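Below is one structure, written out as structure tokens, with a few remarks after it.
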Amino acid sequence: MSLLITDATVLDGVSDRAQERTSIWIEGQRIRAVGGREQIPAPSSAQIVDACGKYVIPGLMDANVHLFGDIRMEHLVRHEGRYEAVIAESAQIALKNGVTTVFDTWGPRAALIRVRDDINAGKQRGSRIFCAGNIVGLDGPLSADFIPKTLEVASAGLVRRINSMFAENVGPDLSWMTPEQVGTEVRAYLARGIDFIKYASSEHRGAEPNAFLLFSPLVQRHIIEEAHRAGTTAQAHTTSVEGLRVAVEAGSDIIQHCNLTGPVPIPASTLAMLTQKKVGGVVFPLTQRRLEILEKRFDAIGRRYWSTVNINCRALIESDALLLLGTDGAIQASEPCSKNTADVAAEDDLMQLGEGHFNWLKAMEELGCPPLRMLRAATRNIAVAYGKGADLGSIAVGKVADLVILDANPLEGARNYRRIHKVIKEGRVVDTASLPETPVFKHSAVA
Amino acid sequence: MSLLITDATVLDGVSDRAQERTSIWIEGQRIRAVGGREQIPAPSSAQIVDACGKYVIPGLMDANVHLFGDIRMEHLVRHEGRYEAVIAESAQIALKNGVTTVFDTWGPRAALIRVRDDINAGKQRGSRIFCAGNIVGLDGPLSADFIPKTLEVASAGLVRRINSMFAENVGPDLSWMTPEQVGTEVRAYLARGIDFIKYASSEHRGAEPNAFLLFSPLVQRHIIEEAHRAGTTAQAHTTSVEGLRVAVEAGSDIIQHCNLTGPVPIPASTLAMLTQKKVGGVVFPLTQRRLEILEKRFDAIGRRYWSTVNINCRALIESDALLLLGTDGAIQASEPCSKNTADVAAEDDLMQLGEGHFNWLKAMEELGCPPLRMLRAATRNIAVAYGKGADLGSIAVGKVADLVILDANPLEGARNYRRIHKVIKEGRVVDTASLPETPVFKHSAVA
Amino acid sequence: MSLLITDATVLDGVSDRAQERTSIWIEGQRIRAVGGREQIPAPSSAQIVDACGKYVIPGLMDANVHLFGDIRMEHLVRHEGRYEAVIAESAQIALKNGVTTVFDTWGPRAALIRVRDDINAGKQRGSRIFCAGNIVGLDGPLSADFIPKTLEVASAGLVRRINSMFAENVGPDLSWMTPEQVGTEVRAYLARGIDFIKYASSEHRGAEPNAFLLFSPLVQRHIIEEAHRAGTTAQAHTTSVEGLRVAVEAGSDIIQHCNLTGPVPIPASTLAMLTQKKVGGVVFPLTQRRLEILEKRFDAIGRRYWSTVNINCRALIESDALLLLGTDGAIQASEPCSKNTADVAAEDDLMQLGEGHFNWLKAMEELGCPPLRMLRAATRNIAVAYGKGADLGSIAVGKVADLVILDANPLEGARNYRRIHKVIKEGRVVDTASLPETPVFKHSAVA
Amino acid sequence: MSLLITDATVLDGVSDRAQERTSIWIEGQRIRAVGGREQIPAPSSAQIVDACGKYVIPGLMDANVHLFGDIRMEHLVRHEGRYEAVIAESAQIALKNGVTTVFDTWGPRAALIRVRDDINAGKQRGSRIFCAGNIVGLDGPLSADFIPKTLEVASAGLVRRINSMFAENVGPDLSWMTPEQVGTEVRAYLARGIDFIKYASSEHRGAEPNAFLLFSPLVQRHIIEEAHRAGTTAQAHTTSVEGLRVAVEAGSDIIQHCNLTGPVPIPASTLAMLTQKKVGGVVFPLTQRRLEILEKRFDAIGRRYWSTVNINCRALIESDALLLLGTDGAIQASEPCSKNTADVAAEDDLMQLGEGHFNWLKAMEELGCPPLRMLRAATRNIAVAYGKGADLGSIAVGKVADLVILDANPLEGARNYRRIHKVIKEGRVVDTASLPETPVFKHSAVA
């Protein structure tokens, strides 16, 4: 099958300038040629997409999503045995909004792999998925690491079943082990088909007065080595300046939310090391509006925390760090949260899958990130940091043909990323209007 | 269709002595004749059940079950929209064990009515169901009245949906209202198809140091009047001597667990009033073994509470009170309870549907209840107290042919109730081996 | 000792009009004469208080205070063994602000009695105290009735010691008992020197969805009878329309906070009965400002609750009910509340002892209560309802000389009650500037 | 003042064999001579202690106590402003039981220092105190690090006051900081008069499924450097194999409870490093009886944890590690614990100050520790590890004269340590019978 996109302005994710009046010839899943129409031999039976006046960018990527992400107990129970349906719905919502590749950084491994493989095999539609399964060292959702109160309500059997789906052999026990023992478990986990390793450098309990490390630097090196030995990447979850510094020093390829460091900004030396080592730094920026919403909800300590988030973003933008777009994006049930969990207004929220990446771009624009750098953070940088640069993340001959065609120039305003004309994945125009196909989750509440 | 049971020893639930070598001729759903074989004209094409050496008793009844009774949050969620399946499974387990009629005294009204009507219409198998829906004045399961901790975990939407299925218009709001306002709501609730009214005289929070009343005597009279005006019965949930006295005085037809009065035994005057007014007194007796299990688990106050349970039982047995068998029976998921909720060993437990009524009979036998009185408590008394005596509860010409055929004489030992040879409901032999047909609940856990 | 107050405008608490240019001659603790100066024989050595241009009213009374009222665990512990000091401080703050008599309606009996007796014997300064000790049927502060969370922190020994100081023999156990048993305990408690009985008709757990009764009408009658037999009064704590109706019908002399009936206003029939039986109705009115503060903090149900408070107040004002001023007043430690207990702004709060009675008068004025009726609610009505009218509550020959001299006319504006010129208790001018003498509580926090 | 102990068997804490028929001449606070009676010039006016048939050992030391150690909220409040009295009482109970020097490893710094200085100045009696104040990185007692539930009960003011007494400038904030920032705070804290630094390598939340690190190795090195620069020692609180390894590698002089490593035994390499670096290893051994008590109370995971405690002890005994006696000893109020906190039977408990060191010796004996090694662990090793070897921990000319005279040979059975004949501190016989002088704590409950 051939597809010909004609006369577009192409932003290839690599070069510093747009290529105007450029056509892209796709054969099968890959790009066969890029250039002026006259340079491209018209394929005999190609589907033609006239992109005159449009802008073509690489398919967007999200370096941090959770396709099964609403882990409230009632959702874990309601969908038990059918997590694949929720994951597929999420992958379709992402794709509909221009995100052709997602990196799932915490979720139920087996179900994620099944959907990933089905999508790759063309049995199922949706964004291309790469997944980590569990965050090495953390427990499942019904635990002190995530939603401790559920332990007072859930049966022991439910706790065991659900948590074991997430934690498998790389749960909290690993924090008690020697570096060698941890390495052995990680190796076994890699053999279960995951695409990359994510581990906890800092722990995952944001609201506490203390910032803990989950693994010593030596253990972190053992984990990273196992990932590299298996030919893949390792990334760290960090939430404090030391959690960050240790992970970068230990050799993490990617840092999740490197701009979250509690009340203390990233020291210059750590920032320099991050940059020098070309570590992929996923950032969670806040729009001004979002910051205001959050600051209103928190006390002095919380406000210091949230204001540091953007202080770090600005420092990262000013540095040469390899920035990556990530959102923590998940689809949420349409039901309101628990009566006892105050809801933060959703406005400008990163975590709404399908919407969060647009908010990310808006926030970074507000913070002064140059347009081309933002485009790369949303495409090529992610591919490179995850070791997928040979195939994904840019528009060039031989690359996989994941593209988004926009009605307006994204370099002239981040809002233009929302003006999606067409999404193309693996050389085919996506029928976005029909996605998600079977929205089990969004409408799962009994009326 | 005709059925002829021949040469049995018949314990009809009414007379003081067994009728030996007696046959029962059933035409359609009802008994056409009872007597010596020679007295019964042989129907031409009857199915014959040779009951020589067997004992025939009225179908057993349980005056207090909860067909949807495992209200842990995970079960409420897992089966949401399919509560009928659980209710049907429960009704089938009851029937399999000889209980041909159950009175469901708290549950989701609409689902209960649907299953009740399907069974009555022959579309579904199971015990005959009469149901109360909500306990007037109480909230649904996700509330302070039942499992308060779930409120910290469940979404507001879930709480609203689930609780409204149970509470409808007769929830906790009623405790704030005037007697007239309560009457109006009860009238509206009766119009929704329930079979009888149950209301809370005492509240439903066993473990508290205080015993509260939920409704004043005047409100209770208004509730009872509405039930009587609608041609049905009203019963009270009571847990203290004043909760009991007030309910009896107000005119309740049945008292649920009249032997539960906390640490203070039923005063003689209250017992006399209960007897004189012929109120149906459901009791929850404890076997000696069960009492030992419970006493081991509790402190001095708890032990006083539990020992009073049997002190009251003995006093009730010594009185002429109209005793009724009730178990609070429900089917439990096969999963263990919450890690934080210590399990009481199930031995001799009343609350296991299908098993609890046997334990009731064992306990009452231990406490000195005469065998015939026990048989009536399990059959005729219940029918009479619920106003169903014309059709159910005894073996006589014209009654509905609900029967249990036992291999051994139940008057010689309560254990003989377990020796079920055949269960007959509405004139047909029940295929007990095939029940429950689709056990969704018992095996609902994902393996 | 003689005291002569000359040329005042006297509002005696009884008559409908002010007596101008009137003098009051006091001998010892009592009033010897009231009249024009010429009618009063000048005592030879009297202390003269020139009250020309001033207004003299009876000493104010508060029908509902808690002299030991800040029952947070840390205060219970810090002052353990020295509760008398806190109680004395409270009595002095009340007196300083014109309240010459307080009725303590829940507190540690033995300590209250000691301070009461010391004040009566002149060994200690402060308002005259009458006290109930425990609210019959309720537990002490470290319990589900008051601050349940403390049970997870306090040692068993502390819980036992503190609660037994409050509950003694009339705690929550009584709710399990028969009417006769309750009567026996109440009789024994009356023998311990309390001045009147307070019992719980409704329970004391405001935030719940259900409104419970603690005692049946029959038990309430037994309690009231015991109080009357002992020559004193009985009052009920009520929080719902049925809790109120039952208590009035049972014969309670006083109803605490009869205007608190949850979301349902007092029915006309109950209001008529309250009026006809001349029951003393303590009300807790809200200023408009206070209502706004509260409504902002609550959801729809809470708002309905709080708006009903004033609906009831207005109905009571329009009726002929015997209204009484009461505040629930207590002194609070200067420390902020628990981080987890949101503070309602103190503005127009009734519960600040020394301040609350002024807010009560302000609120009632806003609600349309006639000035003279307010004055009586703050003086004579309380004395009458508590059976102390022979000695207290009005200005007349033979009465105890408890007086407040104001700089401005209280009938012209409730704010004028704040303009205290002098407080006279038992015929002596109180040195208000020196009160409280040893403020242990207000300054108990270690700096 | 002179003191002469004559004809004792001396176990000096250093040499491998007992010196029989040996006398010790003390002048002032120090030992002037040790030897046969004939070698010691009889001082003219010395007090003579005839120790014929007795055994003299160095004064016992405890490397880990908490002189203010019962941190339940009610005790923190009751004694607020008077913590010195509790600390003095503890120091006297320790001294009475032969412990002449204690190292307080967590407590309210200012109060500890005041008592320490008073004892050193002879104004107060009690064990010699060296203290750390706070554990660097941890919060005060009313916090997630110690008793989280108190936060739901305590006022914000109380939380602030109490916690700041413990945490000062080296609380949980430090876990968010850079290594340099932490160093600065530790330096400032050292200037406040503490005797040594204790910091948290592992966190302090035993019951959790995860084992966290509080400080990275680099931060730990900064802390230790500050201690060494100030001329004192640094020790680490560790609870996992990595927490231990990291602390030893970072250069900690002492490890608190190095045998507590959760379910994973200490790796051989870590044990070798600990030994090679001559790190003082405080151990918390369990008697067989104690282990049985604990194992009965816990599930499989807990049992694995507790059995590892003694596995580590045995490995440490078999190694050449520098073992130190420590108990976590504190005096407990005589009141039972919270109803909700199950009590572990006190039998063979280390944590009972005054008793725990005897239990330590009993446990180590059971575990096979040679008698002389135990004696050194309880004396000289502690002095050496804390840098006090020049003055304390052994019997030799020039050393401070802290001695215990026993009636029986401690090398023949650990039980003989209990047979105290006399305690000598700084050359004076302690009047042990009169200790504790004013036991405020043990009897502080109001009767």
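Each chain gets a letter, A, B, C and D, in the order it is written, and its residues are counted from 1.
To be clear about the criterion, a contact is a pair of C-beta atoms (placed from the backbone, for glycine too) under 8 Å apart; a residue touches a chain by one contact, two chains touch by 3 or more.
Every value quoted in this text rests on a predicted model; they were computed, and no experiment measured them.
Each step here moves to a touching chain, and the least such steps from subunit A to subunit D number 1. Chain centres were defined as the mean of their Cα atoms; on that basis the chain farthest from subunit A turns out to be C. As a whole-number value, the distance joining the C-alpha centres of subunit C and subunit D reads 55 Å. Inter-chain centre distance (subunit A to subunit C, centres taken as mean C-alpha positions): 63 Å.
One inter-chain figure worth recording: subunit B and subunit C are separated by 50 Å, centre to centre, where each centre is the mean of the chain's CA atoms.
Taken residue by residue, subunit C touches two or more other chains at no position, since every residue touches fewer.
Contacts from subunit B toward subunit A in the complex involve residues 72-74, 77-78, 80-81, 147, 149-159, 161, 333, 335-340, 445-446.
Against subunit A, the residues of subunit D that register as touching in their complex are 137-139, 143-145, 171-173, 175-179, 181, 203, 208-219, 240-242, 245-246, 261-264, 267.
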